[in-house]
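Input: structures, listed below.
Two complexes, one shared chain (chain A), two partners (chain B, chain C).
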Partner chain A sequence: MANALINAPKTAKRGDTIEIKALILHPMETGFRPGTNGRMIPRNIIEHFSARWNGEEIFAMTFSPAIAANPFVSFFTVAKESGKIDFLWTGDEDFRVTESVAITVT
Partner chain B sequence: MATASTAAPALARAQTSARIVVVGGGFAGTLCARTLKKLDPKLSVTLVEPEKTFTAYPFSNDVLGGFRDLGQQQFGYDAVAKDSVALAQTAATAVDPAAKTVTLGDGTKLSYDKLVLAPGVDLNWTALPGYTEAASEKMPHAWKGGAQIALLRRQLEAMDDGGVVGMAVSANPTRCPPGAYERACLIAHYLKTKKPKSKLLLLDAKDQFSMQRLFEQAWTKLYPGLVERVPLSQGGNVTSVDPSTMTLVTDFESYKVAVANVIPPQKAAAIAASAGVADRTGWCTVEPVAFESTLQKDIHVLGDATLISGVSKSAFVAAEEGKVCAAAIVAKLAGKMPEESQLTNTCYSFVAPGQVIRTTSVFRADKGQLLEIPGSTDTTALDAEPSVQAHEADEAGRWFGTLTKEVFG
Partner chain C sequence: MRLRYLGLALVSIFVASWAAAQSGGGDQRRTGYQDMSAPLQQMEDDDTANPGMLFVQAGEILWNAPAGKANKACADCHSAVDKSMKGVAARYPAFAKDTDTLVDLDGRINLCRTGQQQADALKPESQDILALSAYVTRASRGLPIAPPADPRLVKVRAEGEVLFKRREGQLNLSCANCHDDNAGRKLAGATIPQGHPTAYPVYRSEWQTVGSLQRRLRNCMIGMRSEPYAYNSAEYVALEAYLMDRAKGLKIESPGIRP
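This part shows the complex of A and B:
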């Protein structure tokens, strides 16, 4: 998907603490705002974000309407084994975006 | 003395000669000092400014575009001195709001009855990792002062055809918010005409900006394929720079460039913090009629150092504030209520030589704030005929002449 950006190191030493950054395009419409016609714009937010390293969840968070558009998440984890990190965003209006990166741990 | 206030003592002073110190010889401070003296020749007015020459920011991007001399941007203070405004050509280093004194670089202290601070912005040398004052000699900001503009111009001229010019633009608040995008247009103009294999990469910590559709139209129409902008939501926020490798680093990429123009985060100049008029944001809040600080009595703050909701930090607004503030101070010294004024902001941006886009807004005091009058904004139409932008360019030239003549002439 072109609308998500991931920054994770391509290689790391076993036991290293590494930073992973993820940014996704999303309006994060709160549901508390009237539109130009006076009616409330329906809520449309990302509800959940998770990252799995070879299937094991290493980070997850629940989003709220107070989080700004185009949410940017940065977190730290410990490098354990080579493989794949899968990212998943889910939310209102059946929003579902996946992204994955490969990492080599030596 | 701190409790002595209101009409009676002020009136007494006005009849003798109230002492007014103005710090900062830009559009706001210079015009405020001269207007004070015009409105009441008995006032003792001192303008504190260390530089002998002022370099105006409006039109300075034309210098980078290669179609204007830096000298046309520069003004001295001879006319100010002729107005019997005392000129202290040294820096103001400290303000004691309780004792009502300003300390100058040479150690002397000036006492004031009213202080006007129009010190402009300081670049924040700690906000962007890697971007120090020394780094700016390699990666110029060209955001303040003639030397930096000249440096960036020389670097553009020295660059090989095919090089990438990288611009890193910080988030608001900054002085002249459309200035970075005008600059992108005019650097692109220079590249298109002189170095057509080159590219301009604009890394932007913002998603939206003033006159965005007009600027984007200019990039598409006038400089196709030459300008690439990476907005915040595409990872455009520059988080560090490395001048030794000429690299601009975002959260997601590193970009090696031939010439780097870094416009770092800004704050009110240091004297504002010394005077206790800057708040936690680093900027100054003021009431909207006389621009008196909300934090310190008898200190007025003008121009780019202020943070006024909805009002752009522009030379034109700064000059208007200077005049309005001068009239308000004279009224206050006479024990009268200052009149509420309307402020107009006009902002011209060149998209190419002889082609200018414009936005104008009118503001007035309302509920303790200076708010845009709804419907007052008038902006150059999208898809306007070239003659419209040419006409705006003529207007802009006259505007610059009138404004700088009023302030420095």
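This part shows the complex of A and C:
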């Protein structure tokens, strides 16, 4: 069950710097921990996160096993034009979640 | 590692004099929220930064999904959660109306799973039970804890109080030694809270996930080097009933955040 929460303004003035926050449900299992049976729990992390504004990449990051479960990412960008921001998380075990929000720029 | 710290800290608790009896008028109760740092409080208050909300969101999906042989969704019988479940989490544990059994909220949800939906009971601490419980409890956020006046609960609370005040485990401690006698003081890095169950189901950073009140109690029992009860045992439900009564009037803050 994958789910995410995005916090972005619905409207912004052209040229404004806006903050975007993205939170996603994920165990971020490091691959370095033994389970209760003594065997290593296989690594299961998000590897990559990106945000595109009307198709153009505005933010991207690569994750590492040292990042806590349910990663919360916050970044800033400059509002240019109305449209859609698409978010994409990909990772181990074919993890792939997309989310998008609409924004109006005046 | 935590156990070693606990041992050390306990020595200091015993060396120090016991906290002076609380005196004076007014409500002296404090929730764990009030003892948290400002950044953690902000995380709890911001629905888009609070990871507990991911479970609430997951709960909403389950609430509306038909399940079991009856192929019925929770929503089919209970309609919208903000109407039908408002204040419900604030009054459990209670005796279920339709079956007369004593249950906490998770137990009540499982009664509906098995009895109404004819589905398997959800496992303790599974994502699905935590999600449904978080979703139902959120409908009571901001409402005061209001244990029912049911006379049958008097005995249950009394049993819970005995368990709370009884010394047990290798360290020979009672819950009350920490949460009544030494609340507000430090146990290693942690401030000992008064132990009010306002935040549950809770997102605890140490767990990196949401957990139930029973999981919290299990943690404290392991800290006391006492044998934890089985999930859903009568002992846990009695302790929960006592804690809810002790916290009567304090506001539900679930999904809470705790370190």
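Note that the second predicted complex is superposed on the first by the 104 of 106 C-alpha atoms of A that agree within 3 Å, B and C clash if a C-alpha of one lies under 4 Å from a C-alpha of the other, contacts with A are read in each partner's own complex, and residues count from 1 in each chain.
Convention: a residue touches a chain if its C-beta (ideal position, glycine included) is under 8 Å from a C-beta of that chain, and two chains touch if they have at least 3 such contacts.
Fair warning: this is a prediction, and the values are worked out from it, not measured in the lab.
Residue contacts after overlaying the shared chain place A:68 against chain C, while chain B stays out of touching range. In the overlay built on the shared chain, the residue A:78 is in contact with neither chain B nor chain C.
Of the two partner chains placed by superposition, chain B and chain C are both touched by A:7. Looking at the superposition, the partner that touches the larger set of chain A residues, chain B or chain C, turns out to be C.
Look at A:21: by the touch rule set out above, it reaches both chain B and chain C.
Once both structures are placed on chain A, chain A residues 5-7, 21, 23, 25, 69-70, 72 are touched by chain B and, in the other complex, by chain C. On the side of chain C, the complex with chain A involves touching residues 46-49, 51, 53-55, 57-58, 61, 127, 131, 205, 208-209.
Listed in rising order, the residues of chain A touching chain C in the complex are 1, 3-7, 21, 23-25, 27-28, 68-70, 72.
Across the interface of their complex, chain A is touched by residues 207, 232-235, 251-252 of chain B. Of all residues in chain A, those touching chain B in their complex are 5-7, 21, 23, 25, 69-70, 72, 74.
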